[in-house]
Structure formats: C-alpha cells, structure tokens
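In the two complexes that follow, chain A is the common piece, with chain B as its partner first and chain C second.
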Partner chain A sequence: MTKSSPDYQANQSLYARLFEPQVIGKMPVGTQILVYSALVIWTLFVLFPIYWVLITSFKDIADVNGGPYFLPWIDFTPSLHAWKELFVVDYEDTLTAYMNSIIIALASTLLCSMIGSMAAYALARIEYKPKFGTIALFVVSMILASIAVGSYGIDWKIAVAVALAIFALMARGLSRRFTRSVGNGDILFWMISQRILPPVVVVVPIYMMFQQLHLLDTHIALILTYTVVNLPIVVWLMYDFFVSIPKDLEESAQLDGATRFTTFWEIVLPMARPGLAATTLLVMILAWNEYLLALFISTSNAQTMPILVAAMNAGERGILWWSMSVVIIVMIIPVVAMAIVLQRFISKGVLLGAVKG
Partner chain B sequence: MTPQNSGAPVTRPEPDAPAGLAAPTSHRARLSEWIDRRAGTFFIMPAVVMILIFSIFPLVASLVMSVSRIRLRAGGYKVSFVGTKNFEKQLFGSEQFHFLGTFREISLLGWVVMVLAALVLVWWLYRYVRSQFWWLGFIGRLITANLAFAIVALAATTLLSGNNFGTLGTTLFYVFVGCSIQFIIGLGLALLCSQQIRGRNFFRVVFFIPLMVTPIGIGYAFRMLADTTKGPFSIVWQWVGLGDFAWSTSAWAARSFIIIGDSWQWIPFIFVILLAACENIPRDFVEAAEVDGASQRQIFLEITWPQILPVAVTVMLIRMIEAFKIVDLPNIMTSGGPGIATESMSLHSLFAWRSLDLGQSAAISYLLLFVTVVVCVSFFNIIVLQRVRQT
Partner chain C sequence: MSNTKTVSTAKGLVIKDLNKSYGSVHVVKDLNLDVLPGEFLVLLGPSGCGKTTALRMVAGLEEVQSGSITLGDTDVTTMPPKYRDVAMVFQSYALYPHKTVAENIGFPLKMRGIGVTEREQAVREAAQQVHLETLLERYPRQLSGGQRQRVALARAIIRRPAVFLMDEPLSNLDAQLRGFMRAELKHMQHALGVTTLYVTHDQIEAMTLAHRVAIINDGALQQLGTPREVYNDPANLFVAGFMGSPPMNFIQGEIENSRFQGAGIDLAVTGVADNGKTTLGFRPEDAEVVDAGQGLFDAIVYAAEMTGEQTLVTIELDETYFVIKMPKDFETDIGSQVGVRFAAEHGYLFNTGSGTRLRNCAVVMV
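Showing the complex of A and B:
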C-alpha cells in the first residue's frame, strides 16, 4: 500500500492526514494552513503601522485627537490639510530638507561605494606589507602633534604639517630597519572594526572639527561623515565579492598592458554590479535615515528629513501627528521605489556572499 | 604619508617590464606609468585617510575629552586635565545610580546567581588553561570573564534585589533580549518563506519594508499605536480594563515597548539574509532526506541548521554591533523615561552633551565603546573562532 493510495489515506487519523507529508516535496494541508496564517499575521504586523501612519496623514486634527478611526470615507473624511501645509503653505522648508536629504544621501552613497570598493578591490588583489614600525612612528608623531596642540596651544595646521613632515623624513630613513609587518587581513579588520564605534563617541570631536573648518551645517560635512560611517560596510561586503570573482580576466587584461585603474573600471566593476547594487542600497538606506549625526552637524541649511520629522514635535503645540505622518510617508516612497528596482539583486542573495563568515 | 605608503604592490605583474618596449617618452605617459606603479597606494589611500581623519582622530580627541573637564568660556573652551575623575563619577560617584543603578543589599537569589556565575567562569578559564594556553588568549578571556562577572554582579545587586538598574543594564537588556527575539522570529520567518509556498516574492518585499522606514518615524508611529486612549488598539485596552494604563509610566512596559519597535525594524534584516542562506542549501539534500523518511525536525537539525549557522553567527554579530548604538527609539518613544528606565548609554551620553557636560559625555561614550568591544570580540572569538578551530 503506497502512501498516496486512497485506502492508506482513509486509515490515517485526522492529525496524520493534516500534518504528515503525503507526497515528497509537497507540504501537507495542515502545515500549509499554519504556514500561510503565520505569514499573513506577520504581513499584518509589518503593514499595520505603515497603514496607520498613512491614514493619519489624511486625517483632520479633530479626527487624530478623537477616538481611533480606521477606515477613510467610512468613519472619517480624509482631508489634505497636512499635505497642503507641507507642500503648499510651507513648501520651502519641506523641499529644502527633501533636496538636502537627496543630495546628501546620493553623494555620500556614491563617494562611499567608490572609495570603499576601491579599497576592497585593492585588499583583495594587491598584497600590502606596511611595516609595523612605520605605523608606530605615524601614531607617535600624531600623538606628539596633538600634545603640542592641546598643551602648548600651537595652531593645529602647523602642528599637523610639522608632524607629517617629521614622519615622512623618519619613515624614509628608518623603514629599512623595520622587519615586522602587518598583512592585508589586518588592514581589512582595522577598516571593518570602525563600524563598532558608536557614533556618540566620535560625534563631538567631529562637530568641533567642522566648527574649526567652518563647515558646520553644510552638505559637505554631512556627506563626508556619512561616507566614513558607512565605509566599513562597503569594504566588508565588496571585499568578499571581489575575492569570489576569478582573477583570469584581470590578469589577461594586464598582460595586454591595461593599467590597474583601467582594469578596475572596465572589467572588475561591471562584473561586480550585483554586489555593488545591494551594497549601494543598504548604504543608501542607512544614510537616508540617519538621525544622530545629522542632529549634531546640521542646524538649518543642511537639515535632512529625519530632523524634519523630529521637528514636528513642536513644543507647546504638542506633536503635529498629521504633518509628521506626511513626512514619514514621503520619506519611505523613494527608498521603496529603489528597493523594488534593486529587489532582484537582494533576493539573489548577494548580501549573503559577504556574510558567510 | 600614512603607513600604507610602504605597501607597494608586490605580486603585481609589471605590464611593460617583460616586453622590454621602449620607455614611455611623453610626460603624460610617464606620469600615468608612475601612477600605475603606485596603484596599490592610490587605491587604498582615500579610504585610509578618510578613516584616519573622521574616525581615528575623533576617537583620540574623545579620549582626551574623557579625561578632562571642559568649560565653555566666552569665545572658546577651557580644558583642564582631571585624570580619571569623569569615569570615577560614573562608576563610583554621584552619577552611579544613573549609569550602573541603585545598589541595595544583595538578596539570596542574587548571591546564588553570583556564585553560580563565578563557578562557571572559573571552570571556563580552567578548561582553557588545561586545553591550550597562549598568554594573549588568556588575558583576553580574563577580561571577558571579568566583564561577564561584573555584569552578573550588577544584575544581582540591582535587578535581582528588587531595584533599578542604570543605563548600562538597559543597553545590555536591549542588546541581549532584543537580539534574541529578533533572531528567533527572523529565523522562523526565513524558514517559513524558504518552503515551497506561493507569493514568496511578495512576502519577501513586504517583510523587507520596515528596514527602510526611518527609526525616528518608527518611534513616533509606535507611540501613536501604543496610545491607550486614541490609538487603534484602545478598544482592546478598554476591554481588558487597562484604559488608563500608560506605557510610559511602567519601566518594564516601556522597555518592552522599545524592543517591539526595534524588532519591527530589524527583523527584516535578519530575515533577508537568513532566507538567502536557507535558499542556498542544495535542494537535493533536503529531498534526499525526505525520501529517506526524515521528519521536519530532523531535516532542520541535521541539514538546515549546520548549513546556515555561519551566516547566522555573522548576522547576529552585525546586529549586536548596531544594537549597542540604539538611541533614536528610546529618545523618541519615551525620552528615556520613566525616570531613566529606558535610557540607553548612547542616549545618556547625548543627554550629557546637551547639558554641556562634554567630559562626562565622552566618558560615558568611552565606557560604551569598551563594553561593545569586549562583548563583540568575545562573541566573535568564542563562537566564530571556536567553530573555525573545530573544523
């Protein structure tokens, strides 16, 4: 009697018929019901907050402050007052923040992907052997410079320049004597470990640094900061991607006389496109949504969207839930659009390659 | 002019060396050849310089700030060196209740837990010394064991003795409890989605959405949802009889509320990567096991779990690193309240900065950095390297 014959099925208990596999590779009915209900419940859990924000953005002030209303046109009348306020009455602030966010997120993502994948490629292909002694020398000269600035009040530009010059001279003279060196793995670990750094540790010095350079509240400041914050992710993900690409093509290109840069631009980057797409999306999301650093570095000119969201908590007037909902919805749209475009790269498990450990 | 300068390319084949062609004559060709010879430096230098300026320099500056007292004066700062006073204030002094918690006489349960933890840690160190010994490894394990014991002792003196813990305890609660919940649910969803089901792409996209919402937005959205009088669930609250109950007045409710928001955002990340890992398992393995009559549980334990374990460990490491930085959600949802119950260390540091206490702020952030590094490195060493050594 085979498992799929009617007699066998009739003799089984209800539990067995529902939950034990009848056909290889196909789920039993009971399991299917459980799986789908779990997935649907989770879908509701994921979508409900977004739905609530969406309908709040169309509610009148009275409807927000009154009891809970769930369905537009049935228990409340949708109104566009919040949208009008943000995009018609007060459109300057909104559009400035929106443009700031777009410029900063795009520029920092571009810069970050560029610099990060160059470093990752170099670490995957070229062998580096920086001498241990040279690094120590560099650290010592920088510490001396910071002591000079901190304790003796010397101008920081002069101190850094002098320290760099001393380092260059000493390194040239002494580098032959140093024997121990660190490898690519150490450099890679050093770069990736920067991600562990909590932003609060570095944000105050970064604030002071931009203050010194008169770059506070500018696009450049935020672009540079986001680039560095997200650099470890790019290096990490792209390194594993480059390692997995076969070397043959590059080697034959180099035999034909192509330089490293040409090889990188015209052969390696096009091959790494899927990995680059997934990495770019991730970095973009992080830069687009970042709040803490933006809070410190930007005040008005370079204000980004997350700051605008927080600004809707307007002190004595209470929280402007309706306007805030509009901003949140407006912020989600471009990212979701981009994610749908890049979805096939993500679902192919491109991120996975890097996380295999 | 950084360390990598001496890292000239070593193994790279010289493109024009073997051919012995005529040396490039024009200025431009010579320049491009020089650049190509130094390509190794040029490729890595931007990243190194950026990290040095924006990451290493602030790190050092922050260290300097944490050992000094900074007062704002007209037209600048006045910095005076105070040694470890800032740290002392947090760990032993007037800010102790805020950072570590309020201590009280240790209860019986606290003693039992502490003794048990001490025994386990000593046994763990003993086993390491007996099996292999390397002094650096031993020192690392000693630091891990000490921190672990300190955390257990902290829990015993505050939490288990019926008292409040400070921002350190709250942060660790977010990291360990939050990450565990997120991992379990993320793994469950990934396993469900890796079955032969319809609409897999739909679920994949929908489940990914929360990651794209700004954390600030999530904070406010969950505040709206949790409102017991005007929120969507207010009917349920009234019905249960908790109509007057406010999340933000009960410490544990507020903490779990923040974990719910955090999980809502980060489960997608774990889900997406674990799903890809599940789909990477060769289909034949599972089918062969099914033909042999293995149960679903056996298939999971014998095939799926070992295959996705490396990915799972790395994902959890990334997630833990990010979880230590949690600041937006507690700031928005509860602003650290009630009292200091939901204040994470990042938020604590941010509040100190807002009250212009830069030295304290830097000291707290350094303590956070220390805890993060020890926990993450221990996790990496004990779990990842252990597995590498075994195989």
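Showing the complex of A and C:
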C-alpha cells in the first residue's frame, strides 16, 4: 500500500478520526462553544484557589475574618502587613526555612536523579542474578546482629562487624548450594515496593536512626531521607526510558571506544533527557512539598517551608491565614520556575525520541 | 572519492572452532574462517542462520562459548570491543540522534582522546570520502536513508580500523539506492584495502561485493569460495538452492543400475551405479526449452513471463515446477508440450538425504 493509494488515504482519515485529537477550530460552532465553556470553567476551578491565596496575602486581618471579599481595591483595601511581618519583622525564620527547603530539595533531587538513573541504567542493561541464599544469609545475619544488640547489649559496631564477617565467610559456600536466584525484574519490583509502604510506618525507626547518629535537625538527615524515599520513583521511571533506547547505539559506542560510563554519559543520558527532566521535576516537587518526614526529623535548624506553613495553623494567635498565604505563594514560585525551565527539555525530547536510530 | 590507495593497516582475521548456543539452540557450530588481510569476505545465509551472531562475536558484542578469534597476531577472543581495533556498521546505522553528523563521525576519535583540531581535520577527510562534507552540521533526523548510511560508513572508516564489520548495512535502503551504495562500498573497500567481514542474506550483494563468500546455514559453514566457485560448483544441495535467482531447479529421483529415475524421466548416469535417493539439479540459465522430443525430457508449459531482458518459462513435469531462462523474444503457449535440454556438465547430482554433491558423475545427454 503506497502513500498515494486511495486505500491508504481512506485508512489515514479513519485513523485520524479514531485516534488523533481534533482541532477545536475545525469543530461545529455549537461544539466549539461547549468545549470552550468546559475549558474555561475548569481553568477557573483550578486557578481560583491560587487567586484566593494571592489576595488573602494582601488582606487585613479584619478583611479575612469579615469576608468573603473577592476584589482588591473594591471589596477591600490591599495591605502589605503580612508580607512585612514575614520578610521584614520576622525575616530570619522565613528565610532560614526558605533556604533550608531550597538546599534540601535541590541536593536530594540531584543525588536522587544521579544515583537513580545510574541504577536504572544498570538494571536495564546488565543482567543481575543475586542468589536467594545469599540474600537470605544477609538478612539473617543482620537480624542476629540486631538481637545481639537489643537483647544482650553488645556494642552495635562489634555486632555489625561480626555479622558482616559471618556473611562474607559463608556467602560463597551457601551460593553454591542454593542456586536459585532472582532477576532484574525482582530487583525492580523490590525497589518500587519500598514506595508501597506508607512513610508513617518508617518514621519512628528513621527518627531513632538519626538520633543515634546525632544528625537530627540537620540538612544531611533530610537530604538523605528524601533521596532514599524518592529513589524508587527515579529508578522505575528512568528504567522505562533506558529500556526504550535501541541497544545498537550503545554497542556502536562501545565499538567506537567508549567505556560503559562514557556510553551512559555521552549517549544514553542525553537521549533520555526528556525522561530525566520529567523525573527530576517530579522528584523535586515531592521533596519540596514533603511534610511528614520533615516534621519528625527537623525541629528548628533544618525546618522546611511546609513546616513553616503548618506552624501558622497552630500558634496561640489562631490560624494566621494571611501569613500562610504569603508563605504558600513564595513556595509556589520556585516550582513553577523549575517547571518552565525543564518543560523546554521535555517537549524537545519528545521530538528527538521520535527519530528512529 | 580518492583513488589513492591508503597505506593499509589491514590485518588477517582467523576464526577457529567458534561455537555459540542460546539455551538449547546451537546458533554457531564449529565455525572456521580465515579472512586474508584486505579481503572482502561475505557471510551469506538465510535469516536466523547464525551469521549475525558470528559477526557480533568477532566484534566482541557476544561472548564466545568455545573457539578463538585472532586478529593479526592478537588473540581477541575475550577482549572487550573497544580494544579490538574493529569498526562496525549496523543495520540500523546506530547514529547518535543528539549529535550532529560531524560529532557522530568524530565520536570514535573523541573516545580515543584525539584533540579537536586533528579530529576536525579527520572528520572532514572521512566526510569527503562519502560525499557528506556539506551536511556536517545536520542532525541524523534531517538526513535521508542513504545519507545516514554514509554517516555510519564515515564513522567506521575514520579510525582506520584493522577490520570492518558490516551487518546488512544496505538492507534499509530502497532498491535503486542499494545498487548505488553497493558499488560505492566496493570501491571504498578497494581504495582503503581494509579487511571486511560483511553479513547479508542477499545473494546479489554477496556475489557482487565479495572476494570470497562463506555460505552459512543452521549455524554451520556450508561452503567457502569465490562467488564464481560457489555458484558454478556448489558443495551441496543447500548452496545450490540458495545461490541464483531464480534458484536452481531440482528433480527428486533415484539412481539405480546407472539410471536416474524420477518425476517421470529416465536418464543414463555415468560414474555411479547405485545411490538410492538422488536429486538432479540444473540452473534456469543453463537449460533451454526446445521442441517436444528434442530434449532430455518432455514437459508442459505452465507459464511464460517476459521480464524485459529475458523470458522466464515455468515448466511442469509431474507436479514438479522448473524455471528456465530464455531470450526475451522467446514465445510459447501455456499448456503446450515442449522439451527441456541442458548440457551434461550443467546437470548437478546430489545425495538427497545428506545433501552432499555427487562428484565425478553426470547424467548422459541424448
């Protein structure tokens, strides 16, 4: 069937009708009005809360409590009192939290994307066969170490060292006897299963761990926690992108003299850029908005913006809607900026990916 | 393209007792090949016969299970691909879509840490050799199929490797371009004098390009020889049936008491008295259609197709069909009784069971 044959064209229009989105401008007028009204209503629905937060941040206390007032200069007189309080009077707390959020979100996103994409690439391209027996042995020796520490009061460093030694000594012999092994698919599922667990379940152990390490209320604690929590998402999403890249390209790069790492860095990663941009954005938003873990791990020095927002809910002065609105607006700005920057890569990448080989 | 013969770094390639299995499927069986320095050797076989796997083992992309691969004086059997001094052109071209043509061509040199100025010079030279000098700033997506093919070639020649490996490099091109690129490939290989191992399932490509052809079936080497040798002197039934378009005609029969009998024909045979099940083969261009009673046997015309340069006459004999090439002005009627004739030296006899050629024997012509 050639491109000029009537059969092909008929099929094309059938495909177009069934699967391709129609251009609104080409619809009948009545449909156009309906579609546009639906779109406008939905837009208002989405934008109104943001608008409400914005005007609330400029309202006087009386206007907030007396409301609802919708239009500045008509319903109420805008005032900068909340902004002034947060950025002039009390600026230290606000700025500390803001910088904390930025540092923690960026650092954990960077770490997470790097480690996660490398892990995803390895899972997509290297066949792993960890033996069941070895994994079980590792788990058992760690459990024994925990029992030794918990029930017999042995120093944890000694217990872990002994457990690792036992593992190292026995691993070889055991793997020869139990040859059943797991594959990449199992590893991948194990990774994502870490996200099935609700974070609140692990919050207490994490708290105790950082307490032991004297890292509570530090940037490092939050950066590490967010990295670990978000790692499965990066691995899972990037795995899909890497698998879709033709193997020929990597083999060709290898023959051209590239090492595994240069292949990854020069060939694979640039091609997976759209995926990486989308994944990075997602992970950054998750880290930026995270509340529960931050609530436990940080108290004052490492406090992030979501904690600051929540704090305004529980002061002795009641709920400070105006201050909360200011903080929320300030919080939205970096995420929107990041989305705009990364969107360029995402849409550009889609076109790039469409080209075969 | 320059006609000056470049100083050749060509090395010989020796493949010894090479084996590869995927699970229970034995894809490469005891392959032995000795590729001479500067030789263009084509691995030819139907799809799935193991030729690509063999090529990938030479490249280092597949692990060798047993046997050895020697390049020049170096045993490269377990050497990683990047140290092997081989360049490969993939069927899909495998161009890096996010790099320009110049960056694609220069990539092997970049990986070897060669400086920018020297690299640019080399890229320009390689691009000139494949007529790409005006497209260096483009991206692969902005190129046609033939141009992409050239980029892949340029990327292979820029390093002056000891061996070129090509995996069906022309199969994604349309027929006209394929013919042109074929000539260009042959010219380039001649000019560069690089040892080349080329995989294809297209016998025309194999015949036209190769110094020697290695015909592979079911993972095993069937015959190794010049295109003329494998065409004129096939070692077995598979080679005879695989080479040639249309392929060789076969008559199933038996040799008993120095007579070949099958499909209703009965011919005297010299050199062998009894062979049991035997296949008689003859090439379409070696036979001719004559008046009934004038040939070796008589048969019915099933169809006659004028292709322009020739007429392909399909003959039916006892539910066996033969194709015979006749001159373009040959005319006959479908259903008419005709005779078929070919010279004694053009009749090939094979053992039907094992497929091996029965040499030193021939059908006797009337």
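What we mean here is this: the second predicted complex is superposed on the first by the 313 of 357 C-alpha atoms of A that agree within 3 Å, B and C clash if a C-alpha of one lies under 4 Å from a C-alpha of the other, contacts with A are read in each partner's own complex, and residues count from 1 in each chain.
Methods note: a residue touches a chain if its C-beta (ideal position, glycine included) is under 8 Å from a C-beta of that chain, and two chains touch if they have at least 3 such contacts.
Note that the coordinates shown come from a computational prediction; the quantities given were computed from them, not determined experimentally.
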- Task: Of the two partners chain B and chain C, indicate the one touching more residues belonging to chain A.
- Result: B
- Query: Where does A:Pro270 make contact in the superposed view: on chain B (first), on chain C (second), on both, or on neither?
  - Reply: second
- Task: Based on the superposed arrangement, let me know which partner A:Phe210 touches: chain B (first), chain C (second), both, or neither?
- Result: neither
- Query: Which of the two partners, first being chain B and second being chain C, lies in contact with A:Val202: first, second, both, or neither?
  - Reply: first
- Who does A:Tyr226 touch here: chain B (first), chain C (second), both, or neither? neither
- Task: For A:Gln254, select first, second, both or neither according to whether it touches chain B, chain C, the two together, or no partner.
- Result: both
- chain B versus chain C as contact partner of A:Tyr98, first or second or both or neither: neither
- Could you say whether A:Phe241 touches chain B, chain C, both of them, or neither, answering first, second, both or neither? neither
- For chain A, what residues appear in both contact lists, the one with chain B and the one with chain C? 251, 254-255, 257-259, 352, 355-357
- Item | Residues of chain A defined as touching chain C within the complex | 246, 248-249, 251-259, 262, 266-267, 270-271, 273, 352, 355-357
- Which bits of chain A are touching chain B when the two form their complex? 21, 24-27, 32, 35-36, 38-39, 42-43, 45-50, 52-53, 56, 64-68, 70, 115-116, 118-119, 121-123, 126-131, 134-135, 138, 142-143, 146, 150, 164, 167-168, 171, 175, 187, 191, 194-206, 208-209, 224-225, 227-228, 231, 235, 251, 254-255, 257-261, 264, 285, 288-289, 291-292, 305-306, 309-310, 312-313, 319, 321, 324, 327-328, 331-332, 335-336, 339-340, 343, 346-349, 351-352, 355-357
- chain A-facing residues of chain C, complex: 59-61, 80-82, 84, 86-88, 90-98, 107-108, 111-112, 140-141, 148, 155, 159
- Item | List of chain B residues in touch with chain A within their complex | 1-7, 9-13, 15-16, 32, 35-36, 39-40, 42-44, 46-48, 50-51, 53-55, 57-62, 64-65, 79, 188-189, 192-193, 195-197, 201, 203-218, 220-222, 224-225, 230-235, 264, 268, 272-273, 276-277, 279-280, 287, 290-291, 310-311, 313-315, 318, 321, 324-325, 327-328, 332, 345-346, 349-350, 353, 358, 361-362, 364-366, 368-369, 372-373, 376, 384
